[in-house]
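By letter and in written order, the chains are A, B, C and D; residue numbering begins at 1 in each of them.
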């Protein structure tokens, strides 16, 4: 082999090795799951220390939002459907904050409840017009009704 | 001393060492040269001439591959240079305006590094070469403490250490004193007489005991004198 | 194929072709833009969660998709510049950088305006905004490098190289930023299937707007590339003839 | 003197000689060695003054502070990488050597990391202590910096190579290079922050390692191409 050919091959071999190591390591990394925020279950399990700044994510439990009359203080329960966590917050909630929607709160645990310094709404990827949403909700309500009535409703629609 | 290792496979002169064909280069919308053709044969000492700004340095840098903004073809021993650049670089020695001598290192350290890129040398070789260019005893002097001419001489010591066939020298005489000029002239003559080739730009009239070819960039033509 | 490819590299050819196409592109853009804007502002139903805020999507999404396409475009032009030394590719890359930077800036601004009612803050360090911001910095870097290097030839190749390096990094940056913070909603799929979360009354105007904004980008790019061609080729015969013809026409 | 076309130098010899030369230059010029380190120390000590001296708050920002400062310190020392060589013409000699520029650039980058990155890694625990970083995050800090600072040198090398021929390059280098270093910063700082949360860190190390492998193999290629453009 000519020397310059050999040198070129050395470079290519070097690059190929580097790239395969990089790909291997990133595949390994991707196979690990990541926790972006703590769930109420993890908090309940005592994975979080008091005074440690964390981020908690969950759904706002239906009917749990209590707004103060004379201040911006608000309290609600975040749930992952197996455990609930009481979140307290002083401040303006985003538009999309509503019951049954996802929420992410930053702050720290204090006396068994979560003092949030910031609350962010996590909106889903579904865009629907108001009417479509109403129709879907109606359909869902219909499905919840006894079978006979559902049939009737389906005929009617 | 530099002559023994240069063997000349093209003694017939059929294939020139370096051939430039239809070179064209413009800079800042100004044509430096166009349609430039010339050959460099083994045993040639070619002086590139031209007024200031005529593109002498640019031409040398194009030939070495330091400047890629040109059109035209370049052949080394009949093969287009880009096809075997490493083979070409192995037989090339270029000394530019900037001498390539690090001021923090000593002469020996500088030469040891630049030779490690080309061919292995011993400390003894380095001292011999330095002595030949008039720097006997300066091997371990830090280059910052040398004069410009002395730094240039350190750089010239490469001519003796590197077994290159083609020397491309850009204004190598500028900072040299009379004695240095004479040393360099004799080095050039020895090299071409041993079958090497030299391309050199200088405004200094060369006094060498061999034929001198001239390439004039103002008249765009090569001629023998 | 190759012949066509290299003919494309001729600035003169591009100048003449683009001159013929330009009026049609402008007409198409005007029509699409008018339909898209009127439809999006007046006829698209309000979203069940976001209300009328959703309408900013019709600007944000097309503009953001252009900004994302800009770096790959510059990288492709960069590869062509480095490998085939095609002048036109560099001119396009040079013109695409500032336009792309403007689009990125608009995407960031509309993202912020959208974010204010939705997230409750003008700026959130969410994955998409952050990676968009960093991409903006990368673009600024390319523009800064271009203006710092005096020799146009060296600038062309240096910027081409930086664009390629940047384009390799964009996905890495995007991934790492997403990994760092995934607060934004995942990318919605634009499927036309019936079970798509988008009803056709939502996505049809969006598609129209995307086409309109793409056309706007292409037209801006062509216009500024034409200027660049004239400047760089000012010494070539065809430009001299063109200017002379223009003068006699004017007189 | 060696006769007849001279025995060829192996690439490895040239690689070693270049590495040796750059280390020799750096060790001779102590300033090059000390300045980035002092800069690192000073920047980190500015944070408590600017933010707060409250240990809890400092603990929270410690990881990011050390990482950002390491990034800036390595940026500061980048200019040494090719500038002197460009000015005295050694760079031309390097470009005209028959050895692959790829490995020569790699040698120079390694030398740069040894004199600017490694000291930062070694000094980091001291600064981490001053910022009240939890003790269980020390090893993570060292290890992530060990994996991350070479990436900074390698990426930075591309930027320096692109700008080495420019008269006024002060800030443009930072504008070009800093955005490219975002992934390293994110992953490195996150790993240190997560270390005190007791999260498993295998993934962070794997990602940093992947970045290192990627930049080790591809960045010298880009730097070599950039040098050729700049010397033009």
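In this section, a residue touches a chain if its C-beta (ideal position, glycine included) is under 8 Å from a C-beta of that chain, and two chains touch if they have at least 3 such contacts.
Everything numeric in this text was worked out from a predicted model, so none of it was measured.
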Could you compare the number of C-beta pairs in contact for C-D with that for B-D and name the larger? B-D
Distance-to-centre winner among chains (Cα means, whole assembly as reference): D
Rounded to the nearest Å, the gap separating the Cα centres of subunit A and subunit B is 68
From the mean C-alpha coordinate of subunit B to that of subunit C, what's the distance rounded to whole Å? 49
What whole-Å value do you get for the distance between subunit C and subunit D if each is reduced to the mean of its CA atoms? 34
Using CA atom averages as chain centres, what separation in Å is found between subunit B and subunit D? 36
Tell me, which residues of subunit B touch at least two other chains? 69, 86-87
Give the residues of subunit D touching no fewer than two other chains, as numbers and ranges. 8, 98-99, 207, 211, 218, 232
Contacts with two or more other chains occur in subunit C at residues 153, 179
Of all residues in subunit A, those that touch subunit C in their complex: 34, 36, 92-97, 101, 104, 119-134
Contact set on subunit D toward subunit A in their complex: 8, 11, 56, 60, 98-100, 102-103, 197, 199-200, 202-204, 206-207, 209-211, 213-214, 216-218, 221
Residues of subunit D that touch subunit B when the two form their complex: 1-9, 13-14, 16-18, 20-21, 24-25, 28-29, 84-85, 87-90, 92-99, 104, 228, 231-232
Which subunit C residues qualify as touching subunit A in the complex? 44-50, 53-54, 57, 117-121, 124, 179, 181-183, 185-188, 197-199, 201-202
So, in the complex, the side of subunit A touching subunit D is made of residues 3-4, 7-8, 10-11, 14-19, 21-26, 28-29, 32, 34-35, 51-54
